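The letters A, B, C, D, E and F name the chains in turn, as written, and every chain counts its residues from 1.
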């Protein structure tokens, strides 16, 4: 009987604490959301300003080509950076660090639970 | 001398036990082979029955195209399944689980022993 | 004061030892360089002598084609060797063992220190 | 041929007690569930194998310096292994859905009610307070938490509690849907929740695990190991600067520890200790804990739904039980069946992540209230 | 400059005994064999390095809390490391060829005769029974078994026995062919064996490791650790549901343990203990064990060939010695040289897998008969 | 509601001393430096996390069987972890540039002068000899060496010394350039050094780590663990026959050990012990050690430049401090700024590799001279 009374106390206190702590977390998260600056629109792509190809005739680069080249150059720089100095780098080849979060977590696939196929 | 006699006893008992245990294993395997149902011919591929394209003229899919599409779809489903829910999945990307046993064990290559090339 | 005198002794002896040991290493390396035979010019590629395609007309293989085939065959043999007998092989798929040292160490990239891009 | 040698040889078969035979059958059942039924094979297969190796007659693996004993002493007796697994879980968990939807956080708290209800039931059945708390912790529906808490409070029950915890977690897709269907109406299940994409800055993502550790750890020191390791893994993940460590914690280290933990837990399941009425009681109480958790989460979800004037779908409350991330996926499937276009996964994931944190907090609170240590 | 400081500095060079110099040369030889000759480098290189580090004067690595001592205590003294390696070997071994051809199973038993013959020889040379059994176990031609058994029966001989076991395993392609050629006629070597492709169901593949563990473990409890870990790895592999664990056991865990095991074994090879006549005797007895194993396997193969009216090629008996999978490949090469079209690999693999199991069983039997524990 | 339960609950918040609060702030600073500033995150992040978990009130992670205590005892108290990391570093280090240019080897020796100068300064400040030597070893500019030496000589200072060592290593690109610019003229920095491509045979590459271990180990036995493990890793790498072990040592094993080491080191940073004037002194002395090292290396580089009649660029002397391989890269950048076409990286790498060896040697010498053990 004593045990049961102690158990009820533990239940009341325990659920209270769990709710209290998670409520504190909620407050904290709400506060953080309040303090966080509103999301700024994504900055314009950092096209190197010097990269202006002007010329005449059929040889001129179209804006699309230019954009493609710029993207390729930026990606190349990023991948060179990733390959620098293997002794010290914190991410390993094949890193998911630079993949989109959506892809990295495989979230699009999480709706269906994993089932192994039966032979 | 005593040691040698004991040694001969150990030899007799030891070889007897090893043979006995492996013979028991043999019996077990033979029994299992007996109990196992004879191999059934491989089931027909599970083509979704609704996938019947009937139409006229040049637009109709040839059986070969249809088979190719079916195979692609089945493979796609299998690979989506493999990618589902990374937290829980038991096989890792690059798994050999789905490769043929022959390939997985590299058996075709096992005839020649591995030799590192000398510089 | 005693401590400081002891410290000076440690400093003198310590730097002496460090210099002495590295000098010994230097001597060893110089000796090794002396004893090492001068680098021989790279041996001629081991073209299988039987591989001589002689024929007439447009079907004859050009030397370039022949060289390409030889290289492909050698690489194929090397890669089959690498895939032999997985249980026993000391290098894993994706090994950098056969990559050029320059590539393997990423040396061309080591001039610029690694910097993570700031969001 | 000396009689002594023959005695030595008969030693083995003669040592096979009926308890050992039953336990070998139990081991076979666990391996069957893992291999043929895919019930949490990563843990149930090693547990079954450990149980088998421990119950063979005179098993040297349980002797001093035996492998199973060494593994138990080096990682279960000191609770190291469940904590290392928590680092890996933290490294794999994305708390993003929770950060984007903080209001679902309380659903995680409600989903822990089963812990305490089961504790009361176990006390009523005559278990000691520590044993009752250990049985209750199955209601955390979280493997490492169950192992950690019961390993401290009642190591003699570690085997059945762990087996119950992991078996029932594998049964999430079977147990939850009928309870959800019984407690909610089709109209409720069809409530759609908008997906408000609020980008979460890296700063918030990094500060979250730190703040959680400090707050929970200060208020409930007994929760420090559980919360601290879970949040350490998440901090490594979200910081993005130590991907080598994150990757190793979540794969190689987690794999080795999972194998060792399973074998060691399995080795605690030996005859006389396991074959008791208490084991049966634990299995029954465990499934009750599961059901009560789900129901409590759902009812609290209904309350929130009322308070929010129907903008919250109550069934995401069921995901508050933890069992991360399967519970959220089951909730999504139930919603999907009620309304093909209803996409609740993201909100359910938020409640599920909250449940993960709440489970760990509840484990620490329980240890504190039982005066463990 | 204080005399004390100078004494401290001269400490090192003065501590270099002639035994240490010899052992450094032995270490150099082991490293040479590993690096230049490719003799089982995965183990001989770490053993050589461990031997070198242990024999440098006043090596702190052997002191209390020294790295080599710590590694020895944490995985060799309690036999943990060889068992973990067995999990990895089990995870890499495909028993398919054996399951498809159960009748070759007895060849594995015959290939263990060298163990007992060598035991008798060692007894005759005056070794104690436990030492003789440890030397005999080189005839298991299986590294982890040798380490496990000799570590229990005669830890003082662990170094030379391990080195002998691994060196001779590397010599399989050198030692076996002449023995095979001497004991068989070209006609016998040309016998072809049909390849009866009998598909083995997953159920059989999964039940096999479980049944083997239970049967062998019940009859010979001392074999439980060896058989149990080998079969645990194989169960994980064949179940297909825990590939993460299988992969980690067979690669990262096996690699780390191999490195640590090699270093720790090498560290047992210190001067006075290693430089004895007994070491020489062990090396000679070891190679004898190897030869006797091969011959016994072959002769039993001939017997089976007779009994089966020539449908079994006797040389697959030589693969029954274990040394998995090199022995089977050597047999295939010899068959290939006798008849270019003769493809025995699959049957030899079956005998080889049987030899692997038989080695482990023989190790346990030996421990049981010596009354170890 | 019983008063006892409430007391238990208030236990946590009441246990929060001001020292703990300060240490939590320090932990936050370390994590900030790691995450936001990329200062050696692989170690500073775990150290910060360990510090945080250790300073929460009544942390069970420091209790007997607490995770941090277990990690400390199993790898820091016995110096296992830094040695395992050295195996990984050796497996990643290419000593080719040093082997091709043996004459830069002495630059590595000069770059260790900071160790002894700092030792003298610390003695003058009143530290005990062992403490002074531990502080001096920050001047090795090599993390594992600092941890190894200070763990033996003055474990009570392990925390601040490790933090100083790693923080300053992260500051190499900030600290070194101004010192180089101050001590050399633009003319000197523009000296070009020819790149004499002398192919190094595999034999030399394999013999180098063995010879280094034997020579250094014989003369300074205290250096055996440091030199031996570094060279073991390099031997595995250059032999090319054990790539599985090399890869695992350099990645998975190194990752796990780095995480555990960081957590354990962080757990030594608790209140009363850390918040002393001595910690401040260590931080100041550490940066002095760094500067003195660089200057000594540079001045010795000038001497060599003179002796070689200007064929050696003195600034490669700055790379002799170790901090492998960042120091060499910083030197290359400075040379690059003085003369866009000046390519010194290869020579700087040679000096840098020599510095790595010299650091390890200096650590052993220091232990020998202090009569450690």
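As a convention for this text, a contact is a pair of C-beta atoms (placed from the backbone, for glycine too) under 8 Å apart; a residue touches a chain by one contact, two chains touch by 3 or more.
If you're wondering where the values come from, they're calculated on a predicted model, not measured in any experiment.
K.L.:
As a test of understanding: of all chains, whose mean C-alpha position lies farthest from that of chain D?
P.N.:
Centre of mass proxy via C-alpha means gives C as farthest from chain D.
K.L.:
Going by average Cα coordinates, which chain is farthest removed from chain E?
P.N.:
A
K.L.:
How many angstrom lie between the CA centroids of chain A and chain F, rounded to a whole number?
P.N.:
Their C-alpha centroids are separated by 33 Å.
K.L.:
Roughly how many whole angstrom separate the Cα centroids of chain B and chain E?
P.N.:
27
K.L.:
In angstrom, rounded to a whole number, how far apart do the mean CA points of chain A and chain B lie?
P.N.:
The computed centroid separation for chain A versus chain B comes out at 38 Å.
K.L.:
For chain F, jot down the residues that touch at least 2 other chains.
P.N.:
Residues 5, 9, 38, 41-42, 219-220, 240-242, 244, 247, 251-252, 325-326, 329, 369 of chain F each touch two or more of the other chains.
K.L.:
Going by the touch rule set out above, which residues of chain C reach two or more other chains?
P.N.:
6, 10, 13, 17, 85-86, 88, 90, 92, 105, 110, 112-113, 115-116
K.L.:
Contact residues on chain B for chain E in the complex?
P.N.:
It is residues 3-4, 6-8, 10-11, 13-15, 17-19, 21-26, 28-30, 32-33, 36, 39, 90-92, 95, 97, 101, 105, 107, 110-113, 115-116 of chain B that touch chain E.
K.L.:
Show which residues of chain D lie in contact with chain A when the two form their complex.
P.N.:
38, 94, 96, 98-99, 102-103, 105-106, 108-109, 112-113, 115-117, 119-120, 123-124, 129, 132-133, 173, 198-199, 201, 203-204, 207-208, 211-212, 215-216, 219-220, 240-244, 247, 325-326, 328-330, 332-333, 336, 345, 354, 357-358, 361-362, 365-366, 369-370
K.L.:
Sort out for me which residues of chain E touch chain F in the complex.
P.N.:
Residues 5, 8-9, 11-13, 15-16, 24, 28, 31, 34-35, 38, 41-42, 45-46, 49, 52-53, 56-61, 63, 65-67, 70, 251-252, 255-256, 258-259.
K.L.:
Once bound in the complex, which stretches of chain F touch chain E?
P.N.:
77-80, 83, 87, 206, 210, 213-214, 217-222, 224-225, 228-229, 232, 235-236, 239, 241-242, 244-245, 247-249, 252-253, 368-369, 371, 373
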